[in-house]
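Chain IDs A, B and C follow the sequence of writing; residue 1 opens each chain.
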Amino acid sequence: MNDAAPRPPELELANVSRTYFAGGAEEVRALRTLDLRIASGSFVSVEGPSGCGKTTMLNLVGLLDAPTSGEVRWDGHSVGGLSDRERARLRLRSVGFIFQRFYLLPTLTAQENVELPMRALGLPREDRTRRAAELLSEVGLSDRGRAFPHQLSGGEEQRVAVARALANQPGLLLADEPTGELDSGNTRAILDLLVRVRSARSATLLLVTHNPEVAARAGRHLTMRDGSVVRDVAGN
Amino acid sequence: MRYALDAIRRRPRRSVLTSLGLGLAIGLVVTLLALSNGVQTSAAELATASGVDLIGASANTSITSTEFPPIPGAHSLASEVPRVDPNVVTASPWLVANLVFGNASLWSAANASAVPAGWTPTGSGTVGWIPSNNGGIETPDLYNGTGFTQPGDPHYANGTYSGPTTHEIVLDQALAAVLRVTVGDRVWASPASPATNSEIPGWYANASAFQVVGVSGPFWLIPSALLSFVYLSELQTIVGGASSGTDYASVLLIHLRDPTSASTDQVRIQAAFPGLTIFTLSQILGAIQHVVDLYRTFGTLIGLIGLVVAALFATTVLQMSVDDRSRELALLRAIGYSRASVGLAVVEESLVLAAIGLGIGLPIAYLGATAMNFYLLRLVSGLPTSFSFVVFDAGVILSGVLAVVAVGLLAAIAPAARAMQLPVAEELRAP
Amino acid sequence: MRGPRRGRALRHTRLQVVLAVAAIAAAVALPVVLISVGGGVSAHELASLQNAGYQIVVSAAGLHGISHAHALAERILAVGSVSAASPVLSVDVDAYTTSGALSPVLAEGVIPAQFGPTLSPAERGLFPSPLPLGDPTDLRHFDNGSYSGPATYDVLISFPFASAEHVGTGDTLLLSPTTNRSLGTLYNVTGVFGVLPTLLGPTGAFLVLLPLSDLQTMTGFGPSASATVPDAADTVQVAVTGAVAVSPSALAVVRGSIQALVPLYSVTSLAQEAQQLESANAVLTGFYLALSSVGLTIGLLFLALVLLRRVEAEHRSIGIRRALGLPGWSIAGGIVREGLLLSVLGALTGILAGYLVVEGLATWATSTVQEAAALARFDPTVLAEIALGVAGLSLLASAVASRAALRLEIGEALR
C-alpha cells in the first residue's frame, strides 16, 4: 500500500444541533448550536463531563449520525445530502473509528478484524493479508495476528482496534475515550501510538478523553458542557 | 458466510432446535411433494405402459358419469376401426362382467348333499376378449399353462354364434388359489349365484364349463381382486340378456401406432362411429385427478402450513440473532459497510439455516416417503409390482430446494430490515 | 443497558412471542381443519346410511347375482318385522328422446309398492306419491314368471335427466339395452323425481325408474326360458318395522332369518356397513393427523426456543432471585405458566383460524372441496382435546427452558 493517503478533510460544523427524542415527549438536547472548524491534519482533544455531547459531536463528524439542524461540511461541502450508501463509502475510505470498548468482532482473529474494512473495500486477499500484518506490526502485535479478542489483553485489543481504524488509510481518526478502560501504562502506550500514527500520516485526530495527560498532547483543546463548546484553546 | 456460521456456532442449543424444526418442516413438504409426484407419474406411467391410447365407450357417455351402456357391434369394430384410421394398430373390444365360479369338487359335494359348511360362491371379474387381437395392449403375464389356443373368436363365426366353443379360460393366481384349481382343471361359471345349497346342482346344470388353460399374474387395468379371461363371444353367450346373441362389449381399447396424435385420432374415429364416445388417455387421467381433488387440497394445506410455521420459526431465530449481534452489526456499519451488505449478511445466515434444514429434511423426507409408500401399498391391492406411491426424483428434490430457498428468503425479510435500520450511533455508545 | 436498548429488546421478545403464538396457531389450525372436514364428511355418509329407508341389503356375487327376485321378495316379506322387501335391478341402458337425442342412463327396475317404503324420509319428498307406475305390485306383467301379462310401459325419470334432455311427463322415451335403437322399447314418461346431491364423486343423476319385470324383459334377465339369470336383481333392500330398525339386536335377528332363506347370498345390515365406513374413515383421519403432528412438533420446538430466549434475556433477574434463595420451582413455575399461556393462546387462535380456513374452503375451493367443507363439524369436545393436548405438550417445551434456567451459574449471571 504505497499509494499516498488522501489529504484529510477540512471539517466544519455550522450551527449544528442534535436533539434525541427518547420515548414520548421527553427530549434530550445533546448538542445546541455548535459552530466549529477543524483544520486538516490537526490533533484536537475534546473534554467534558459525561453526557455533554462529546460522542454526539464525534458521531456527527464521522457521519454516523445526522444533525437535527445546521450543517456538517467536509472541505466546504455539506454532507447532509449524501445517501446512506455514499456516507458508508466515505466512512470506509476516510474515517477510522476507535471506541472505548474496542468493539472487535469476537469470532474473528486480530488479523481478520484488521482486514475487515479492506474486505468491505474489495481489496484482494493477498493485499489485505499483507497490509493487516504490516499494521499489526506497526502497533506492536506482529505475533498476535492469529489470536481471538478474548485471548488478548485490554491494551492489545485497543491496539488491534487502532490498526483496524488505520486499515484503509483514513484521513480522519475519531477516538472516543480510547483509553477509558485501560490502565495508565497501556493508556500511555496507546496514546503514543495514536500520536505516532497520526503524525506519520498527517491525519486529523479528534480525541475524546477525560484524561488531562492525554489532552495535553493535543494541538487544540475543546471543553464541552451541556451540548456546547465552552472553551477552545490552542495547545503546545 | 463467516457471519452466518458464527451465529450458528455461538448458540448451539438454539441452532439444534432451529435446524430440527426447519428439517421437520422441509421433510414434511418434500414427503408430500414426493407423494404427489409419485401418484401422478406412476398413474401416468401405468396408463402409458398399458398401451391403451384411446378408450371407446357407448355414445354420449361423459367421463364423469358412471353409466356405460354396452357398445353394439363389438367384433366388427375390431376390424372397422383400424380400417377407418390407419394409425390404429389394435381396436380390442372388452366385455367385463361379474361371474360366479364353482369347481369340480364342489359339484360332487353338492350332488352328494355334502357342501362344506360356510362355503359361499366365488365372484370374479371376467373379461371377454379376442385374445389374438390385443397387440400392443398390456395383458397379464401367464405364470402357468399355454394360454388361449385359437386365433380370433371361433364361436362368433361371423355373427352366427354357431362356431365351436373353445371352453378355454385363464384365471389370475388369486382366483385359481380360491378355487383350488390349476391348468387342466375344469371350472363352471354363471352370471347368477345359487341362493341355497340345494340350488347348487341346478346351478351347475345351467352354468358353463371351462377348462383352465393358463394362470396369470395380477392385472391392474381391471380393478378386481379376482380375475378371469375368456373369449368374447363365449362371455357374451353366458351373460346374454335381451341382447343375447347381440354382439356387444363394455369398452373398446385402442392402441395407436403414434400415440402423439391421439386427439386427432379421437376426432376421426368419433366422426366415423357415432355409436361410440372416444376418450383420450389424458382425459381419463384428468377425471381421476378430479376425484382426488379433496385429498390434494388437504395435502397442499398440510405442506403450506408446514412452510408457514418453518418461515415463522426462521424469522424468529434470525430476529434473535440480529438482537444478539446488534452491536457488531453497528460496528460494521461504522467501519463503512453499507446497509445492504449488513442486510445481506442476515439473508446469508437465513440461507445457511435453511441449507442445514434441507440437510436434515431430505433424509427425513426419504424415510417418511418410504414409510408412506409401504403403508399405502398395503392399503391398495392389485397394483403392479412396479407401482410406487412416492417417487423421490431430482424434480422433487429441486422443488424441495426451491421451497427451502423461498422460506429462507421470506424469513430473512423482517430481520434483515431490522439489521439495516439499526441506529448505529446509539448501538455503539459505551454503556 | 440503557433505556432505549432495553426497551427495544423487550419489544423484540414481544414480537417473537407473537410469532411463536402464530406458529402454534398455524400448526393447530391444520388438524382442526382436517378433523372437522373429515369428521363432517364421514358423519354425513353415516347419516345418509342410517337415514336410509331400509336397514338390510341382500346381494349376491355375479353380474345380476340374484335370481327369482319376485319370489324372494315375497319370502322375505313373510319374515317377521319386515315391512318392505324391494328387489332392484340396475342396468345401464340408452335412452332416445322423441327428438332422437341419445343419453346413457341408469335404469332401475323395481316393484313400485315395495320400493316406496324403502325410500329415506329425505328421498320420499323427491318422488311423486304413490309412484305413478301403472302396475304397483308388478304382478300383472310378471304373471307368475311367464312375463305374458300386459306391460305398463310407464317410466319415471330423474329431474337432471328431464331438464338436460327437455323431457317431461306425457312425453315418450325409447329405452334400449345397447346403443342400438332397433332393440328399443317405447315408454311413457309418467313422472319426474328429484335426486339427492351426492358427495365426493360423480353424480349418477341420469336415472330412470320402471317396473322390475319391464326392465327384465327389455334386458333379457327375465323369462326363465331364454334368460341366463331368470327374474334377475342386483339387490333386495329390506325395510323393517320402526321398533326393530332402532334395535341392533332385533335387527340382527331379522338379518339372521333372511340369511337362513338365502344362505349363499350376502345379507348385511347397514349398521355393519356403517361400522366399516367408520373404520375406513378412522384410517384416513389417522393418516392426516400423523402428517399434521409434524407441524405441531415444529410449533413446540419453536415454543421451547422462545422460552429459552426469555431465560437468556432474564438471566440476571433469575440469578438475583436464585441468590436471594428463591426455590427452583418458583422460577420454573413462571416459565411453565408462560409456556401454558402461549400454547393455549396459540391453540385458541389456531381453532379460530381453522374455522376460518374451513369457511374459506366452503366458499372458494373447487366444487368437491366446497361440498366437503360445507359439511364440516366443529365438535367442542375434540377441539377442547386438541387445546388440552397442545397445552400438555407445551410442558415439554417449558421443561427444556426450566432446565436451562435452573442450571444458570448464579455468580456468572450476576457479573
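Operating definition for what follows: a residue touches a chain if its C-beta (ideal position, glycine included) is under 8 Å from a C-beta of that chain, and two chains touch if they have at least 3 such contacts.
Predicted model only: the values in this text are computed from it and were never measured.
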item: Result of counting contacting C-beta pairs for A-B and B-C, higher pair; value: B-C
item: Centrality ranking, top chain (CA atoms only); value: B
item: Subunit A and subunit C: spacing of chain centres that average the CA atoms, whole Å; value: 74
item: Length of the line joining the C-alpha centres of subunit B and subunit C, rounded to whole Å; value: 23
item: Mean-CA-position distance for subunit B and subunit A (Å); value: 70
item: Residue numbers of subunit B (touch at least two other chains); value: 429
item: Where subunit C touches two or more other chains, by residue; value: 4
item: Subunit C-facing residues of subunit B, complex; value: 13-14, 17-18, 20-21, 24-25, 27-28, 32, 58-61, 64-72, 97-100, 119-123, 190-197, 199, 206, 238-244, 246, 248, 275-276, 290-291, 293-294, 297-298, 301-302, 305-306, 308-310, 312-313, 315-317, 319-320, 323, 375, 379, 426-427, 429, 431
item: Of all residues in subunit A, those that touch subunit B in their complex; value: 55-56, 59, 62, 64-65, 84-85, 88-93, 95, 97, 99-101, 103, 105-108, 116-117, 120-121, 164, 168, 176-177, 180
item: For the subunit C and subunit B complex, residues of the former touching the latter; value: 1-2, 4-5, 9, 12, 15-16, 19-20, 22-23, 26-27, 29-30, 33-34, 37, 60-68, 72, 92-94, 102-106, 177-180, 183, 200-204, 206, 217-221, 226-229, 232, 261-266, 283, 287-288, 291-292, 294-295, 297-299, 301-302, 304-306, 308-309, 357, 361, 365-366, 368-369, 372, 404
item: Complex contact set, residues of subunit B against subunit A; value: 2, 6, 9-10, 327-328, 331-341, 424-425, 428-430
